[in-house]
Every structure is written in structure tokens, then in C-alpha cells.
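Both of the next two complexes hold subunit A, though its partner changes from subunit B to subunit C.
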Partner chain A sequence: MINEKIKISTKNLNVFYGSKQALFDISINLVQNKVTALIGPSGCGKSTFIRCLNRMNDVIDICKVEGSIKIDGDEINKKDLDVNLIREKVGMVFQKPNPFPKSIYDNIAYGPRIHGLAENREDLDNIVEHSLKKAALWDEVKDRLTQPGTGLSGGQQQRLCIARTISINPDVILMDEPCSALDPIATAKIEELIDELKEIYTIVIVTHSMSQAARVSQDTGFFHLGKILEFNSTEKIFKNPDNKLTQDYITGRFG
Partner chain B sequence: MTSKQKEIFLKKRYRAENRFKFFGIFSITLAVSFLGILLFNIFSSGLSAFFKTKILLKINFDEKKLGININTSEKEIKASNFNEILQEALLNLDLLTPELKKIELIDIVSVDATYELKRFYLKHKDQLNKMIEVSLTLSDDLDQLHKGNFPRDIPEDRRRFSDFQLKVFDEQNAQNKIITEFNFSFFTNADSRDPELAGIGSSLMGSLLTLLVCLILSFPIGILAAIYLEEFAPKNKITEIIEINVNNLAAVPSIVFGLLGLGIFLNYFYLPRSTPLVGGLVLALMTLPRIIIPCRAALKAVPPSIREGALALGASKVQTVMHNVVPLAMPGTLSGTIIGLSQALGETAPLILIGMVAFINVVPFYPIDPSAVLPVQVYLWSESAERGFVEKTSATIIILIFFLAFMNSFAIYLRNKFERKWS
Partner chain C sequence: MNLTIITLIIVFSLSCFFFGKTRVSNKIKISGKKFNSLPVYYGYYLAAWCGLPALIILFFWSFSDLYFIKFLILSDFKADPTIDKNKLNLIFTEIVSIAEKKFSGQIPKNLVPYAERFLNLNKIFELSKLAVISSTIVFSIFFSYKQILKNIKARESVEKVIRFIMFFCAAIAVLTTLGIVLSLLFESIKFFTVVPIFDFITGTNWAPGRAFIRDASTEIADVENVFGAVPLFWGTFFIAAIAMCVAVPVGLFSGIYMAEYARSKVRKIVKPLIEVLAGIPTVVYGFFAALTVGPFFRALGETIGLDVSSESALAAGIVMGVMIIPYVSSLTDDVINAVPLALREASYSMGATKSETIKKVVLPAALPGIVGAILLAVSRAVGETMIVVMAAGLGARLTINPLEASTTITTQIVTILVGDQSFNNPKTQAAFALGITLFFFTLIINIIALQTVKKFKEQYD
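What follows is the complex of A and B.
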């Protein structure tokens, strides 16, 4: 496929927690408007990897990231770069829904407010409505926007967090096991949502569920002990993986 | 294990559980009964201080004796002498008083009675040259007698009122001329050497002003220090040493802060002695660690996922902390602050060292006016010889307990209100 545009590319990415190395020479390309799933056993470095993409690892004092990460061809792994600008471009949804202890409206409006995206109240109202609609939550909450976001159900909270991420109109959305705390119905809703969102955004999703990776993603990377063992189209990985370990993992023989 | 063994084993376990329950209930009962005894003691001896005994006297506002007329200005009235008409009215209580006993008769009312008359007249100028019944405060000894705090059957030379005074009092009481009123002046008057006039006005205002100074200083400084230490400061040796010191300061005996205040604020900066300003400064030093510690604990209890959520949205560190973390930590911080302040309210020793133990007979209005505080007032009165101060001491403790209970329940209210809202 020739018209595929590479959104994020990493080269020789090494991550250390103190003296312990967590990622070894990760060099992969993530394609725009595709969903890339990262799979692998616990502790293999998937989450560490996606946290590099929006520099969330900066929060951890002992964490050191070496190597190159380019988004749209621009290097983001350098000291003098404003991380807030990267995070505006690369949104993130976490494993556990973490709505702010504010109203549903303010949860969504927070991002646009701190980045000055809305000029007036009307703009802000539009952004909130638009984001909630995109996250397929609008119909459920439109009558109670002033109620606390923490009062929603788990699945609704997670969609609220997705809406919050969308509200500042990022290019990339990182999802760190977004469905691991949700029941199957809520999971199905989120998967459906991911499928729609990839039209606009580039999505990277870390997941423990093989079936989820197979359902939602176009590309899949298999991580093992901090190394990427195989990175290919999802179809190839699930039908005919090159690596024996990948085969074993996706068929449930280990991990 | 056979079923027999199992049964014995279970019985043993039940016995242990019952024993534990018994000890728990026993301890609680013991603690509650001690508290009950304490409160009963204070209330039973203190409640009478909220009332005062007065005598109804027929007073003749004779313009010749007063040396005033209907046109006399307020200033001149204040300067004129009401003693003569008061003494005349008192001597009229018993026309057969022997010359030597007259002074005793005059002494049955408080030294304030002549001023009470003056105040009464200023409100009722139309009573000039008329005879009217006015209620006047009795002397503290007869007040205590009337309240039953002083036994009447002990020999005359061992009590502070004479048989003659007792006789006059009983006569007046039989004619229903002795009345009991709510003691408003207890709240408005400053301290006095005369128990019937002494009030907590000065110490109540002093406590409020001191707490105000303490709050204004310690709350913002404490919160900013806590936020910086918890959220921004790099984790290294220096911050570790600061942390240990803050924890140590919270445990330093309060009198040490008093010495510090004496040495620095009074002897070095020459700030005015005995004032709420210095008291507030000293108490602020003492309260600071007591605000920093709960505030840090409250910040630490905010789930990291909230911080990550805000950071991932591109909020800066300061935005994340101020918009999302601090509001969540506020209830815990506020209740910690209020509890720190209520400790400051009850603090005595450091304030004695900076001179707030002085006898203050005016009600302070500014933080640089000399004043007393409630707990020091308790200390001062508990040392006084007059029996009238016993009930005042207990009454002041009641007021102090009331304020402490109020503040602590406000802290609990805040905590519950905000917790319910956001979880």
C-alpha cells in the first residue's frame, strides 16, 4: 500500500528504570489512521512504550528514554521540547477510567480551557457536545452535564475519558488497556468507538485480549521481555506469525 | 481433628472474641464516664456564672442631691456623683441602722452600683425628681450566698459578709426584692478584681484576634509549603531534612514556641507585649506543622490517575496540581487546619511567656491592643481567692469547650460534605 503515511516512527528506542532496562532497541513505524495493537505478556514493556509516545514517562524520576521518536517527522525525544505541546497532539486514555472530580461538562471543557481552544462559551459548548457525540456518550448524558463525572458507570466513565481526550483534537490517541476494567457490553461499545475514531485519529492500543487486538486493529506488535519480536499486519500475525513465540502467545500456550 | 476437638477449638475462639469485646466496651465506658464526670463538674459549678443576683432599690433622683437639672448635658451627668442618692436609698433599707453598721449596709451592693444608676438615669432622664425602683448588682459575696455557693451557717468571722448584712439580705429576699438576671456583662465586661463585674469580653476578643492572626499567617504559608514539598520539590537530602524537621516541630512542646516568641518577637523586633499580634505569631509557628502534615497527607491521598489524566491532556504541572489535585485535597486540609486552630485556641503556656497573662481591664479591638485569651483567663481566675471566681473559671471553660466543639464539628462537617460530593 503506497498511500500509507507514517505517523510515528521510533528508532533504537531504549528505556531504563534506574539500572533496569525495560525496552531494547524498539524500531517500529505506526501508520496514520490505523489502529495499532500492542500485545504481549505482563511486564513486557507495552505500556512503557506507549508512554514514551506522549512523554508520560517524564513523570517518573528514575525513567530514562534513549533513542529517537518522531511524530510527523519531528523528533519529540529531546530535552528542550515543551512536553505539554506533545501531549496536546498525542492524547491518552488510561487503564482505569480517571474522570476529574468535576461535572461531566467541566471534564470535557478542561482541556480546551487550558489550551485556549474556545473563544467563548458557545464555542466551548460546541466542543463539549461534539466530543461527547464522537465518544458516543452524548445521548446518555446530555441532560445531566452538570452532574459529577464520577457518578457515571465504568463504561460511561471510560467513554467520558475518550471524549476528554478528543476535546483538544489530538492527532494520535494512545490507549493503555482501555477495556480491562470494563464489562463485555461496555467493552463492545468502546471497540465500536475505536473503529469509528480511526477515520480521524491514529490509534495505538495496548491490550491483553487477543480477540480485541484481532477485532479492532490493522497492525499488531508483539512485545516480549522488552523487545519487539514481531510487528506486522494483524491478519498476518494472527493467521501466520513468523515467530514461534508469537504463535504460542496468541494461541494461549504461554503468557 | 476430631469433631470433639473442633468443638473445643471453636469454644476457645468464641471465648477469646467475647473477652476482646468485653475489654473494648469496658475501656469505652471508663473513658466516657471520666468525660461525663468532668463535664458534670464544670457545668454544675459554672452554669450559675451566667446569672447574677440583683437587688431592687427605691431610688430618689433628687436634682439637688445630684447637682443636675433637666437641661444638664450628658457629659456633666457622667461627671456628677450618684453616690449620695445610692447611699440614701441603701440606708433607707433599715432606718434603725447604728452608725457603725452603716458602712456594712452600703457595702451590700457592688462598687459598680453607682455607675449602674448613672447608666439607668441616662436612659430615663424623665425620672428626675421621681422615686423609682432600680435593679442594682449585689456584692459578689451576697451573690454567691444567694446562688447557694456559700454556706450561711458558718461563724461570722469566717465569712466575708456580716450578720447584719445577712439580716438585711434576708429581709429584702422575703420582700421579693432580690432578683436573678441573665449575666450579659459576663460576656461584655473585661476582667476585674471584683468577681461580680469580671467578664470574658477581653479574653474572648483576645482569643478571636489571636486566632485570626494565626489563621491569616499559618493557613496560606502552611498550604503553599505543603503543596511545594509534596508536588514540586525534588526528592533529595534537603527536602528529606525539611520533612523530618516539620514532623519534629509538630511534636515540640508549645512552651518552647513561647520562648522563641519572647526572644525574637519581643526582645529583638520589639513588638508590643501582651498583644494578639505576637500571640498569633507564636501560635502560627506552632500551628504551621499541624497544617502542613495533614495537607501533605491529603495531597498524597489524591489518586495518581487524576494527575496522569490532567498531564496527558497537556496541562502543565502547576495547572494539574492547582486545578485537579488541590481541590481534592481541600477537605482534608481544611479539617486539619481547623483542628490545628482549635489546638491553638486552647494553648496557654506560650502565651503566658509573651505576657498575655497580664491583668487587662479593657476590651481589645485591634491586634496590637493588650489582651488576654480564654485559656489564660481560666488560669488567672483559678488562682484568685474570691469565691466568685470559682464559677467564673468554670463558666469560661464552658465557653472554651463550646468553641472547641463548634470548631471540631465544623471540621467534620466540611470533611463529610466534600467527601460525599466527589466519590
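What follows is the complex of A and C.
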């Protein structure tokens, strides 16, 4: 507990879609090199919350974010900030695998090329190999790097997306229900991967699967109707939650 | 007469509809017996039986009765071997105009009895038409009513009738196209028997007017070396290329702006405004090009010491390009919108800016669609007439100077066919040969364009 470092902290975060408020006064701290799971019924604001952390909500015209979000102590929810730098630091994996309609190699090389991370072809090759290895995909695709990424299976595509995220060396990886479109075997692989990745990165994962949250995370936050009802260590949430609603949701009595 | 019959058929069909419907619903009420379909379908069934056979007979009868009458009347003249086919047609036209009292000049006495006969035959045919159609209606109502009482599956039959009507309408569209192609083909075959096809597509001298003059004075057409269409192909290509130089960049970028950058409020205003360009009649573009753009370039050229003719390929091409902008921009907008949001989000989440995302993800994904859009625009530019007629001039010459007058296939077709023309000299038939060449150009471009657009659609469905 002593050398825990707070990576991301939000304070009084309110989000509006037009006149409808989606998040109410979210104030939580996410710890470095830990996996934080966010659970809660559909439409409770989990995805909206993690999309605030890399300013992805900027893409939506009518979305307005108020309050404070600090990464490493620096405020990121301010107007004059270069959002691209934030997104370079905070990567994201989406619910549905979304590889670019390019080759596997080009999918991974996309980020490094944009940010100029590779001096020459050799560097780029190394980054691609390294990222694919970390995402546990290298052995499966090393012989067909020039084939389109969209030709892989669903689970492979999702690991490709994780590799793509890793390729630019972010600090934080946000995952928005990364396994909801995958079968149990692919899910198990990705969970294993998440466990390894937390050694290097801070991970926030939104999930609808209680067991997944219990398996992969150290901290868990329970969202309900745009509010965070309980935020605690995963062990406590699943064994002895403070809130009655949390208990009901985890045990499957509602949601 | 036909109008009366059609009204009659409609009135009968309508009453059949209500009759059938109420009959069946009454029967259900009285006997409690369950019918196969809802009462309304029996109404449709009866109405279809009443109307369709009568309409079909009317259609074919109206097309064929004149031929029968002609055949009957002209049978007397056919015995005379001195009267050929053209003469026969002429005689028949005269008989008809005498009968309709529209004949101008001295009425030839020997034709008067035929005119009377024509009127009589006409009357007989009209009356028998009425009789046949009425009896058809009566018979088919009788037949279909009996069918209804047998409790047939009216709902399925109505389905078949609807399918037939849809097929009929589709067939009309296809047959019309076929008709146009065939008429072009036959006329151009006539042309190519006089002028070798090789001379036509490789010759570099286009002066059909000369052929006409020689034709009139010597009765022998001098067709050598005056029907070389290469200058026209070149002019068409050249002006279309200038137009695409304007339309592609402007249309593409405005399409990208609307799809990616414009806020929805701006888009709602700007998109219809751009599409207004597509609604302006081409003749208006034509005089805009001829009266504003052409002289402007001329004046501009004079100030920098260039000799610009007031009718130039440049003026026509640029205005044509402006006309095509909405096609390119609107289609680009559509294909870009079809690229899934997930791909953009993936790129943004890697820290890519908007323009990087567009350049590296959105445009490559939308490329086949954009190529298709551009090709459709090309075929539009190649077929455009009015602007070129008014702004590019008529001189058919091979030049790469955009400041000189130039001409296109379409322009030449117009100049050849404007005014009174005899349709059996090569000058006029040249228009059809040009027409079919143009048709092939645009057909090929369209096929390629539609194929690429289709490929693009399959990618994300």
C-alpha cells in the first residue's frame, strides 16, 4: 500500500449529452500498475467515463465535460490542451475489434509512423515485432504480416488492436468491454494478456462480466445511473460490499 | 374513342372492386363460412379481371388496326408492279389526308373512293373494338365472379397480378433502352456502308458540310476524308479533362469538408446550397460560360498579351467543371459517411489528428467509392452538350491549346441535326454514328464506375 502511486484522479466530473446529464460528480483515483474494473448495468455511464480519460468524447458534438481530470497531476480537461498528446499517453481498446483495412504490419506501424517513433525501417520492424509479442499475437501472424488485419479471427483482431495500442508506448490503456464480442477461449487469452500488461501499464477496463472483473482487476468501481456508488478493492467489492445495490448487482439480483 | 373506352374500363373495375368486396363480406356474414382471403382481396381480384384483359386488348388493338386498314386499302394497288413500297406509303398518306379533309391542293379523283372506304373501315374497326372489349369485360367479370364463389385463393392471385404489373413497368424501361440502341445502330450501319468505319475513327479531318455541298451539286457524295472523327474525340476528351481538373479537387475537398469537418448545422445549410448547382439548367450554365466566363478569359488574356478566342475550350471546360462539382462532392460525402466511425475512433485514440486520420484511414477506405464517383462525373462531362455548344465553338481541330475554340461529339450532333434535314445522306447519318460512339464511351465508363462503387459497398456490409 505504501508505494501505490495515483495515476489518474477525477474530481467532481460531470458529463452532459445536450441537456441530459450522463455522469454525476465522479471523484475517484486510479492507481498506477493496477487493473481497475468498472462494472454496472448498461447505460450507467461506464463507457462515458473512460472516454473522458482520453478526451474521446470530444468527437461527439453535443457532449460537454465539466470537472477535473488529472493524469500524473496534470489537468487534462482544459480547452487549450493538445488532445493528441493525451491520446498518445492514454491508449484505448474498443468493444468491437476495429483494425484498419490495412495489412497487419501497417496496423501496428500506424501509430509509430504518425508520432515519428521509428528512425528507420529496422526500428519500425522492431516496434511491430515487440508490440505483437507483448500482445501474444506474434507467433500466430509472424508469417503473414502483409495480409490484411481484417482477415484475422475476432479474438486475433482484438489482440491486434491491443498490439496497436501498445505500439506507441502509452502509460494507460483503457478497455471498453474488450471481450464482449469474443468467445470464451479468446476472452481467456485476453484476460491473461491484461494480467501481464499491468506490470507496465495502468489499465482501466469496462466489463459486463462479474467474473471477469473479479479475475483481472485489483480495484473495482460500481456505476449506477451515472453515479459511482462504490469504489474499493475488488476483493472487498465482491466479498463484502458496503452498498446493498452493489451486492444485489454482483449476485445477479438486478441489472 | 380510346379515352371513352378507358374511362369505361376504369368505372367498371371500380364498381367490380366494391361489388366483389361487399358480396364476399355479406356472404361471410350470412353463411358464417370462412373465406380463403379477406373480402378486400376478392374486390381486387374482380377488378383486376375486369380491367386488365380489356386494357391489354385495347393496347394491342390500337397499335395494329391502322396496319390492317392500310393492308386492306392498299391491296388494290399492290397488283401494279410500277408502284414500289415508298410510293405505296405516299398513296396511303394521301388517302388518309383526303379522308380527314386536310389534303392541300388538287384532290386526285381516283383516290376519293378509297378515302370513303378508309372512313368506313375506320368506323367498323372502332365499333368492333368497342364490342370486343365490352364482351371481354362481361365475360371476365362473369368468369371471375364464379371463381370467387368457388372460394379461390384471391390473395395469392392478387400477388401475381402485382408482380405482373411491376414486371411490365420494368420491361418498358429496358425495351426503351433497347429501342434507342437499335435505332442508333441501324442508322450508323447505313452510315458505315458509305464511310468506312476505319476512316471514321482514325481520320483527322472533320468537315461534313463539304460532303453535303458536293452531294447536292453532283448527286454523288464525296465522303472521302471529311468524316474523320478524331478531332471530335480529342475535343470531347480535352474539355472533359479540363472540367475534371476543376470538379475533382473542388468536389472532393468540399465533400470531405462536409463529411468530416462541418458541424451538423453548417452541413444542413451548405449541402443543399451545393446541390443547387446540380439543379441549374445546363443552358443557363451555357450562357454563363459564353457571356461571362469566355469574355473574362479573353480580357484576362489581352492584359497579359495572350490571344484568347472568345469561344474557348477553357471557358467551356471550367464552367462544365463547376456544373459537375455537386456530383463529386455529394457522392464523396456519401462514401465517406459510409466509413465506420469505429475506424476513425481507432485512429483518434492513437493520437492522430483529424487530417492524419482522413488522409491515412478514411480516404483509403473510401477510395473505391470516390473513384466511382469521379467516373460517373466523367461520363456526365463527356455527354454534356449545351455548355459546349454555347461556349466552345464549332471548329473541329486538333489542338492542345485550351485558349482556342474546340468542339465535341455532342456539339457536332446538334449542329448536324438542327433545322430541316434529309435523313438519307451521310452527313445526317454521321450524327447517329457519333451518337453510338458516345453511347459506348459513357456506357463503358458507367459500367466501370458502378462496379467499383459496388465493390466498395461490399467491403462494409
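Definition applied: the second predicted complex is superposed on the first by the 255 of 255 C-alpha atoms of A that agree within 3 Å, B and C clash if a C-alpha of one lies under 4 Å from a C-alpha of the other, contacts with A are read in each partner's own complex, and residues count from 1 in each chain.
Simple rule for what comes next: a residue touches a chain if its C-beta (ideal position, glycine included) is under 8 Å from a C-beta of that chain, and two chains touch if they have at least 3 such contacts.
Because the structure is a prediction, the values reported are computed rather than measured.
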Side-by-side fit of subunit B and subunit C on subunit A, or clash: clash
Partner chain in contact with A:P148 - subunit B first, subunit C second, else both or neither: first
Partner chain(s) touched by A:I228 [first = subunit B, second = subunit C, both, neither]: neither
A:F94 touches, of subunit B and subunit C: first, second, both or neither? both
Subunit B versus subunit C as contact partner of A:V35, first or second or both or neither: neither
26-34, 80-88, 98-106 or 278-286: stretch of subunit C that collides with subunit B: 278-286
Residues of subunit A that lie at the interface with subunit B and also at the interface with subunit C: 54, 56, 59, 61, 84-88, 91-92, 94, 96, 98-101, 110-111, 114-115, 161, 164-165, 168
Interfacial residue positions of subunit A with respect to subunit C in the complex: 54, 56, 59, 61, 84-88, 91-92, 94, 96, 98-102, 110-111, 114-115, 161, 164-165, 168
Contact footprint of subunit A on subunit B as seen in their complex: 235, 303, 305-316, 319, 323-324, 327-328, 421-423
Subunit B partner contacts - residues on subunit A that touch it in the complex: 54, 56, 59, 61, 84-88, 91-92, 94, 96, 98-101, 110-111, 114-115, 148, 150, 161, 164-165, 168
Subunit C residues touching subunit A - in the complex, by the definition given at the top: 263-264, 340, 342-353, 356, 360-361, 364-365, 459
